[in-house]
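Next up: the structures, one after another.
Two complexes are shown next, each including subunit A; its partner changes from subunit B in the first to subunit C in the second.
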Partner chain A sequence: MTARTTRSAAHDRRATKSYRLRRAATPYLFVGPILVVFAMFYLWPTLLTVGSSFFTWGILNPWQTQSPAEWDFVGLGNYGETLADPTFWNAALNSAIWLVVFPALVLALSFPLAILIWSAPRGGGLFRTVFILPMTISLAAAGVVWSLFYNPDPNKGVLNAVLSWFGLEDLSFTLGPLEFHAGRWLSDPGVLHLGFADIRFVNLFIIVAAVWTFVGFGVITFSAGLTSVDAELLDSAKVDGATQLQLVRHVIAPSLRPSVIVVAVISIIFALRTFDIVYVTTGGGPSTDSEVLGMLIWDQVFQFLDSPQGGLAAAVAVVMSALMVVVSLPYIRATLRGRS
Partner chain B sequence: MRLPRNWRFLALYVALTIASLLWLVPLATPMAVSLLPLDQSTKGWWRADWSTVTLDAYARAWNGGLNAYLGNSLVITITSVAITVVLGSLAAYAFARMKFAFKTLLFGLLITTMIVPVQIILIPLVPWFQTLGLNEGAAQYFGIALVHTAFGSGWSLFMLMAFFSGIPEEILEAARLDGAGEFTAFSRIALPLALPGIVSFIILDFVFVWNDLLMGLTLLDSDHRPVTVGLANLNAPQLNQDDLISAGSMIAILPPLILFALLNRYYVRGLFAGSVKG
Partner chain C sequence: MSMKPFARRGRAGAAFAALTTVALALTGCSAAPVASNSDGAPSGEIRVLSNWSGSEGEAFAAVVAGFKAANPDVVVKIDTVPFDQTQTTLTQQFAAGNGPDAAIALPGIVRQLSAQGLLMDLDGLWDEWVGAGEYNDSLRAIAQGAEGKAEAIYFKGNVNGLVWYGTSKAADAGLTVPPESWSDFETMLDSVAKTGVAPFSVGAQDVWLPTQWVDPVLLNVAGADAFGELQRGEISWNDERIVEGFTVLSGLVDDYWPSDALDTGFSDETCGWATGENMFGFNGAFVNGIVPSCDSALAPGDDYGFFTLPSYANEGTPAQAVSGDLFIGSKDTKNPVATRAFLKYLGSVEGQSIWAKRGGYIAPNMKVPSDVYPTVNDQRAADLWPKDEAGVAGYDLDDWIGGEIQAIYRDALVDLIRSGDVDAFIATMTEADTRSGDQ
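Coming up: the complex of A and B.
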């Protein structure tokens, strides 16, 4: 009690005006530097992108804040034109394939792998390392690695070599709306005609390559979640004669729910941001079969330098970012709140 | 229906071993192709005559420009990671331990950098770099490092805050009573205690920045581009230079891999921290 009184007395004596001012300013000295960088290299360019999405311009004659005389205002025209543009919907469809298939594959592979590794009494760390390893590989390098794996020549590509071993290298069939050709994995592996849309399989084979680099993240996240499985509950369930499957379903899976959300959200963000691996493996081709939204933006501005499509690209970027923030921000904030 | 215990463990290890081998198969191809002369690898590297192994492709890739790309990558990555980790830990400490106005708003804004695609800032950055004089010579390294810092700010908070909020308040309060200012308490007490978190963030950020293709491709001129761009340029199937591409990708994979191997423990711990615990 006495100690506390002396402490607060000392505090009062020091609580002069300048001291209080300095105390109030301290937090801003800590966050100030990163806020300056953030404002200059993220917030300001973002505002410029939003602003420029209401004008017509191209990269050779960019929209500039300081010369309003040259502005070519189109209002929401770029947004309207984007939504009416079939190339946008083609890229949106391919991004939607990524959005569904990529997180699904990541979860479907990393969840059982993490449980297998966790069940191993020894050597789990070694196996975990193997699955984490591709995470350190850049998507550009992974693109190169998988281009070799998918190489159509059965003397070069491992996949086709294995298929030709079974005599399946020219497997090709049409089954109702489904067309499939083995061999040319990154050019024309087939298509699923849905009437309103064509699902092109070339996207799936690029996704598999991306999944390879990302499963490690799921394995680690699930491994972290598995440390929180109630050991007593697990033991008593085992004593009661529960089968492996029942254990996973009723004891392990419920405590992994937060991890599933993290892996799903982060891989959704990853799927929508995709650019690198498509750029390296197919460049969005053949034609625009594997073009995704992230690539469309880049193509519109930097591929066709003389075209005045900058405003369109900005509009696509704004739509994409708004969508991603709306979808994932609540989950990320919940994760942070749950941790502290 | 339960299998005997030993059998189940055997099945478990067989499954894990097969999965691991399958996982490494894609990497086997560039490794083999990079070590074989083209006339060997084009008839199937699994049938090759292994007495012909040569490092020739590595030498050609290295001298053919990859050394310059690799140097660029190192400069960009080290600069970016250094700036991000210094500014990021200062901010993470304040967000974890201090109260100030607009904290929630600022935090929400910074966290959006984890979510949005780089493309949202990419287009205006090109003219913006010209205005700031960051589009020429070595200044480009600094420019792209600042962009990486801005884009890594959300991740740095996401990962480092957990480590700073884990420090008991009593330790910091004791330092303050001894007359230490807030900055001294941070640098002498909090920073050393959060070191494992900081090391794991350094590794993660190193891998992030090293692996960037889009920013390097867009913001830098051809003399300053990173190795990912060099690799993308090499990957032209019609040129029949599989050995060169393979050697190039092995060289590009190596630096983050070495870092990972040396600091595997921290890397895993950092990713653990970035995820949830129940």
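Coming up: the complex of A and C.
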């Protein structure tokens, strides 16, 4: 009896242990496939990029992990060279303009638009569709559309046609550090001389085109957020005599803080990795006025074949990625906080 | 008992291995193109990368059709990519080990691919051609790879630096063309500028267009020797002859270009002078075939023509600026026989005559007769092509240098157009191009 009880207890312990193991392993079985995909298509390329940034190589003779005899190790040389290169800083400045202006414009336009649509007594779905439609167009196509819009010939470019009606097509002025030339939107629209750097306005006109395609994302996100605004709180505020502006500022805006973080961070990431719309509209030009970091990497890998710069491009990519992680932290934190 | 699962697994594994082997073998059989027939004639399939579209694409397709007619067992698949993405596409494909069998290329990329040992050796073909007087050594030099071997063929030639104009508009303005001297040329341009419209239509938004202004002006002002030395990296950009050349160019830009040049593309440039908005265009011979797309009623020769720049220093005819497209063959092609046959056809009198008959094209092969060209403009342009060893020509600097220096050159040129600051341009290029060691 005692022996049977002991055996039974041991069996139960084994069964419990096995059950615990199975239970502990089950989530990993479900997550495993996606982890494998992540490791293959995200982790491994990331490690390769970081690793290759310590070597000199070109696209036609790439750095390969299995050929150590052919490695040309330069340590942190590529990072040093990148940080000392004026071309990098020019691209970094242009990317910084994107980083600040693009999210700001997306937020500034999509937030009020979403509220206006939300408050509209009817037709909200129609308005949302109108603003979301540009999202369905690829950025390359949007670049082509806006290049036509900016065409300097008033017979082709809508913007210059409007200016010519008012006789402003040749408007050009200098105001202190500011130079402005109307009509030359993608070639030489002007510059703001800051002393330590020049802010080229051609970037702003490309950003406007990108905002046109992206503002729908903000409208969708804010519209979704608006559904969670406490109706009782709104009614109370109205009863207390709050104006529309006060309602937005003190009731709606605080409720939309998570949406603001989502739109801001996604916009920042989009801005930092922008490439296609710049490539289509100006190709990074004129000269290097609109060259962003993504284009610099592309040039270094695919254009500069005579002076292999794959390692430099990898270094720029690593710096860019680090920056992206830093700016994404608020979003990640907010997401994790929401889950907990 | 316990062996059974393993035995089953073993049988399954063997079956899987057998199936895989058969599948691989079948795939291998179907994927490998047949190199040649039993009689040695080319056969199988080749993939060719080109970047011509529109009328030029149709002309190239006609040449390919001619090759197919002569080699009925060869299937030619043409991949067409946008002009400005040719280098990227080619680089990506070679880097991925999936290079085309044959591809269009410019001298800069030919040297880069050659340096990596990726190109087919075509010295044998060139020996035949030069021996038969179809090409000369200076044309062969343009097709050379990194180690002096010919690793490309010269398929499409072009003469640059032609001042295009509408005949009736020039006559209405009382212009005497061609001007006999540089001062006559400037007087003529000044008279046009006084009307309030820029004399030239310029599409500098496509950066290769302003680069086509540089070569004829440099060849004319600095001379063919200095041009060649700069191209080969034997002198620096701050050489006084080169500086003078760019100073003259900058003066032309300031005085005779429209203010919206950097907003205007190639097709608008051509139609700008062809339809009479501006008096002149400055471009290569190939625009002769583009003009009908602006106005199909315009007849070459009768309605529009060209003249070359008069000598800057009144010292005889300046050296001719030329450019053109090469074709390379992949060293690792699975079908070397058909690829080589295709390249040989592209370099031949027969192949080049097909496009020459259509116009907008200069045959690099010196044996292509002048009478195949369809219009008087094409014939006049073809006559400018160097025909013998004595003919002095300067190959397109931008296409020749390639790589990072080319990218910096293009950016600096745009800055020069905007600012007119020749010193800044020369300083940028002197710093960027360190080949001469004279920094």
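In this section, the second predicted complex is superposed on the first by the 303 of 340 C-alpha atoms of A that agree within 3 Å, B and C clash if a C-alpha of one lies under 4 Å from a C-alpha of the other, contacts with A are read in each partner's own complex, and residues count from 1 in each chain.
By our rule, contacts are C-beta pairs under 8 Å (C-beta built on N, C-alpha and C of every residue); 3 or more make two chains touch, one makes a residue touch a chain.
Bear in mind that the values here come from a model prediction, so they are computed numbers and not experimental data.
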| item | value |
| --- | --- |
| Partner chain in contact with A:275 - subunit B first, subunit C second, else both or neither | first |
| Which of subunit B and subunit C A:325 touches, first, second, both or neither | first |
| Partner chain in contact with A:102 - subunit B first, subunit C second, else both or neither | neither |
| Touching partner for A:188 - first (subunit B), second (subunit C), both, neither | second |
| Which superposed partner A:62 touches (first subunit B, second subunit C, both, neither) | both |
| Touching partner for A:30 - first (subunit B), second (subunit C), both, neither | first |
| First, second, both or neither for A:141, with subunit B first and subunit C second | first |
| Chain touching more of subunit A, residue-wise (subunit B, subunit C) | B |
| Which superposed partner A:149 touches (first subunit B, second subunit C, both, neither) | first |
| First, second, both or neither for A:201, with subunit B first and subunit C second | neither |
| Shared subunit A contacts, counted only where both subunit B and subunit C touch the same residue | 59, 62, 151, 153, 298, 302 |
| Subunit A partner contacts - residues on subunit C that touch it in the complex | 84, 87-88, 91-92, 94-95, 108-109, 111-113, 116, 118, 205, 207, 259-260, 262-264, 268, 402-405, 407, 411-412, 414-415, 418 |
| Complex contact set, residues of subunit B against subunit A | 1-2, 9, 12-13, 15-16, 19-20, 23-30, 33, 41-44, 46, 83, 87-88, 90-91, 93-95, 98-100, 103, 106, 108-128, 146-147, 149-151, 153, 156, 158, 161-162, 165, 177, 182-183, 186, 207, 210-214, 218, 228-229, 231-232, 234-235, 237, 242, 245-246, 248-249, 252-253, 256-257, 259-260, 264, 267-268, 271-272, 275-278 |
| Contacting residues of subunit A [partner subunit C, same complex] | 59-62, 151-153, 183-188, 283, 285-288, 298-299, 302-307, 309 |
| Subunit A to subunit B touching residues, read off their complex | 7, 24, 26-31, 33-35, 37-38, 40-46, 48-49, 52, 59, 62, 64, 113, 116-117, 119-121, 123, 127-141, 143-149, 151, 153-156, 158, 161, 209, 212, 217, 220-221, 223-225, 227-228, 243, 255, 258-259, 261-262, 269, 272-273, 275-276, 279-280, 294, 297-298, 301-302, 310, 313-314, 317-318, 320-321, 324-325, 328-329, 332-333, 335-336, 338-340 |
